[in-house]
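Could you have a look at this structure, given as structure tokens, before my questions?
So that you can tell them apart, the chains are marked A, B, C, D and E in the order they are listed, and the count of residues begins at 1 in each.
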């Protein structure tokens, strides 16, 4: 011990001469840092109520509750997170994971109450002083718990693809599928939007678990044509996917396809549930498209005896005859159909009701009838010269190609229309070496065809001319035909209406071509239904009116698919078939006896 | 601990316990804590005293037992990340780092270089912050409140920096598996360097007033002597061991993060009594300041700070087990994580240095000290109860 | 006779009132000075008043027996006793209190008395820390009483009187007449003992909250505590006035207000001295502080006494 | 107040004289504990009580018992950065003298026993501040086997502060709120505890199985 | 691993696994475990007991006692795993090797119910007090259930599953999966 030890301690008095450390008004002068994890904010309209926040919260602090003014719609569950500040630990994982980025945290941190029940609130839903605070925790750039981009699907290059009918989309490998499946947050928002309400998160989970059998089971629960659907489904689910708010939606369709591709048809029997014992009731299904096959499958599972009548040489309907092979190879349709056949469904091919067999006799012979005959008659262009040789319908071309014939299209083709059929016809024509121009009345964004179809058709070298209205077809000079068309301008039709194309006077142009392929829509043909039965059915703008069980005006007749469903896609038809199967089952078990 | 005197008036110790008949009624039994200001955190000492002399000490812990290891068994890996930092309240960053490091090792994830630097920076800041609180406690436990008033404020300045960087004052929740959560905010580095200057300056004052204080020296010297041969016996690590001249520092011995790229020496002392331990810790505070400056200078100025993880909602980690350790302020902090291939860890074991320091070592050292010194002794071992019982 | 008694009583009450308020405010001020060194602002100056009101306003109280009641009462009696026998302002009637020729001895007794009373009360509280604190307090008190007594004896010997008034009177006529300058050893011994007496650092082991929660008054609460706090103020004031009188020439001026001002200045400085040391040091253990008091201060006291003897 | 009463074990708490039985204690130790239940102390009326309440609110003495993580933010509050002394708040080492109990977040069962004990040792009017999520609904440790979920089941709580941990500023705001309550004469939870003593005691006994404690008495 | 090879000549040890260059794990039989630990400490310089804990493998009906030792000379960790059956578990105490081990054993006794005869203070409370259920760290103890039953979470919370809720609202009657 030295003298220093006695004197040095008094150096503390130096501080008495300096400014105190004390902040006299800490509450007022010390807002949380810009990144402070304070109380929650939620952009309530941006939020879709996917519940990912609830999922990741380790404290069980988040509940999803209905909020006044928010209703369920496609892509929005109508629920909003309610946070319990008796649980929250302000880790902000919910903010980090929020796929829509609606959830955030303000830098406010003072909330005092005498009633502990107060500490539950719906951020954004209940007005709080910190709602508009700009400062606060947000997920930093460069840090993300979710993957916004989907795993790229291996595809044939356009140079390659336009040369042949080899399937363009090559399918995921196991690693790719696992990686893609891993992106899913399993919110289940997509289920409501899928017409068949497939349990998407469940089969994606099966992929993650590498349990294909389980996946197949889940898929078949709601969709008996997954090999086809996994390729050509219109994937409404992907448009509402929570991940789409962040970047790209999960490739739900390709993942489904992945499951199916992993399992041989021969193994299906062991995995899937077999049909019930026959219950002796017989049901006729007219049309072997997705609607018919779906109804046949589910009814067969319930033990009904099913006979399918189909006019074509092979089953599958539009899946086979309306979709070209590079999108949906025939063996995949065969796979789906074959399994249904193996279950004991009788499919009578080349048998046209109304021609080869009388509808009335079916009506009398069978306990119930489901028909899903689809839209077969193409609309005409309704312009001068449409009867000239070389003007053909897109469906016919696709049909011919399926049947193995080479279509007579010549060297250059103009496709009129913007739907999937138009794209298919155009791309099929490309594969036969034709120069293809697509004419569409409206803008590109208005095209009903799938985005990737449009993209791919252009990639393969089809020229797209939008806002073009065909005027007349004439005989060509060097080529077979000349198509005159005028340019259109889009005229706003007011709120909620889509703009209408109106021809610009005097803007006539001409294309020389060998063929004009029309693909502007189809309509149904009900001529096979005899008058006495037909009078019971109600038709509405060319469609059969049905109830929620797909029952028509005649209680014994059920209908579905494109003839009854405005969505006009395979998955809706499948859903119709499924619902009809349920309806028929209810109808036959409950009402037959009387 | 005073070496066994030849002519001690006390009976000998057996297994670290004195051979008294404690139930004879001659001795007063008092509890210190949990409701006691002299106890670091929420724990208690059951003291048997004879006059002012402690003749038996029993540590009681568990007041803060929350069952973390059990809770983590039912939480996914990402959900464990906010949980782990709560294990040690005054110094949460080491938990975050170690859990992240274990998970990364088991999952085979390599984090970006910049993330490693940021983590190191964070850990050194945490060290400084924790020491700043400790030094106040150490002075306060001997009755010198002045020092604590200053240093806790300095700690608060450090917490301001943490707040700006991580978004949280106490629980930073910043280092998660895959890297860190955010980059430096603009201007933060300058603020950090300014704060370091303030800390360094005040630390000089503190050292002058505390380490050159006659009364402090009288109190702290010779209190709770740890001899080198006790080090392995009681599993003593960190400054407690280093003050005894045992040059062991995990940062140097088995470098983790970027410590092999930094230039520093292990601080050792000559005698591990309360005063010696103080000296070592104060030197380590200066060292920490120096390390932060080195890191700021040497670290890559730009680059990613986070590696993409698999979707954390269903992140499964291959079966395996590992143990990671880091040199925290109190010694060896370690995490043992065992994965069984599912999305939740099967077992996480947290090895806090206080576990041995506050229980076995404290019980041993407290014997035959003055009851007035228990608080000082306890603080000089630098124990934090939450990491003992977890 | 009666009038003189009544006047005396009235004067004492005034004096008591002044010292109580002054001491309370002084406590509050010193808390702020201490806070300043610690880099903060500190409590309001009037905080001691609120604390006392608050403690007396506590609705419930727990008793541990009759001595538990008497402890604070004895303590307060000790404080009052100390104060009432010290003349605060030299030459003033109002502030003369009950000073008489042997008052130094009585005051020294009262300084002890309060502690003992407290010891009895605390001992009955049943809390283990109370007796520990009491033991420490008494041990330390015995230790600092030695240099203090030596200093007092030296001063008494110097002026040949045990009357504070006379001691003060002898110091009038300028600062060079103060005991502090005429008998610096006694002053040094006395002031060192004063550190112990004021129970500030480094001699705060008695109530050391880090070691034994607040020591003797651990169980004291509500109005018991209020009483102790009141006493603390008075006792503090009394001690400072005593030391001012013994060593620093007391407070004397024909104008009572100026005299009060002098008193306030001097006692403030005396207290500041305690705080000055207090914030700079940790506290001694009991045996260390005993050793300290029996060392240098006692030696200084002895020198002072011997100096006077020769 | 009556929820969960039905599933409570029907432990007898009082004997016929209204004295506590100290159920759960071994017989030889019952004598060490006080057997009188706390009493309701009626407040004074009018301006006098207002004045006293003002004094109570301006002189809050915190019990120095860091029950959980919350204690970590009390230190900055106590020291120079925030300096709670300037608001008349200061720590007190013994429950007898303290009037404000800050429960720093989660309370394990073992701590809960000490909390109850300390709370009962405090003299009325006494106030409780619950910090963070844990005191409200279990917080981070909602599924832990060793921490309570709701503090108000065991002792009455005056003010809750949200956060994990609440910052010193939030704590200060909570203290200000408490001051306001006291001034309004709403700080009567000590009486609430005495009135519902049986309910609280049953809840406490339900979780605290080992009722033995160091022998102080209230 | 020379240590492992040398030890394996004397003791029943197996399954050496290198986790990192400075971390190895191996299994030791229950009978030889303490002898192995003693050799590691005395002969091979593994003087530091880093930790000692238990991993419950309920489905295998095993406890894995894990001792972690550290060699300060080589800066190498050695994890010794001892598998023992879950019923009436007893293990030899190692507090004579490291006094600090008594604390670990006390905690393990409380948390897993593993007994270490002779270990000081084994039956005293460590973290728990008045615990009446099965040892809480065992995997067959469900902490959530215990908490719900004992500590009454604050009532009044209700959550909705988005998929169920959307189903109720958007397609209540439609065909579900059978």
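Definition applied: a contact is a pair of C-beta atoms (placed from the backbone, for glycine too) under 8 Å apart; a residue touches a chain by one contact, two chains touch by 3 or more.
Since this is a predicted model, take the numbers as computed values, not measurements.
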item: Lowest number of touching-chain links that must be crossed from chain C to chain D; value: 1
item: Set of chains whose contacts include both chain C and chain A; value: B, D
item: Chain centroid nearest the full-protein CA centroid; value: B
item: Most distant chain from chain B, judged by the mean position of its C-alpha atoms; value: A
item: D-E against B-E, pair bridged by the larger set of C-beta contacts; value: B-E
item: Centroid comparison with chain E (C-alpha atoms), farthest chain; value: C
item: Inter-chain centre distance, chain A versus chain B - centres from mean C-alpha coordinates, in Å; value: 55
item: Chain C-chain E separation of Cα centroids, rounded to whole Å; value: 61
item: Between chain E and chain A, distance of the C-alpha-averaged centres to the nearest whole Å; value: 48
item: For chain E, residues that touch 2 or more chains besides their own; value: 127-129, 136, 141, 143-144, 154
item: Shared-contact residues (touching 2 or more other chains) in chain D; value: 64, 79-81, 83, 86, 93, 110, 136-138, 140, 142-147, 150, 164, 167
item: Interface hub residues of chain B, defined as touching at least two other chains; value: 36-37, 62, 65, 67, 70-71, 74, 82-83, 86, 146, 149-150, 153, 171, 209, 213-216, 218
item: All pairs of touching chains, each written as two labels joined by a dash; value: A-B, A-C, A-D, A-E, B-C, B-D, B-E, C-D, D-E
item: Chain E residues within the chain B interface of the complex; value: 19-20, 22-23, 25, 47-51, 53, 55-56, 66, 68, 72, 75, 77, 79, 98-100, 102-103, 120, 125-129, 136-137, 139, 141, 143-144
item: Contact set on chain A toward chain D in their complex; value: 20-24, 26-27, 30, 32, 39, 58-61, 84-90, 109-116, 119
item: Contacting residues of chain C [partner chain A, same complex]; value: 33, 35-41, 276, 279-281
item: Residue numbers on chain E that touch chain D, as the complex places them; value: 127-133, 136, 141, 143-144, 146-148, 150-155
item: Touching residues on chain D, where the partner in the complex is chain A; value: 80-83, 86, 130, 133, 135-140, 142-143, 150, 152, 157-164, 166-170, 172-174, 177, 181
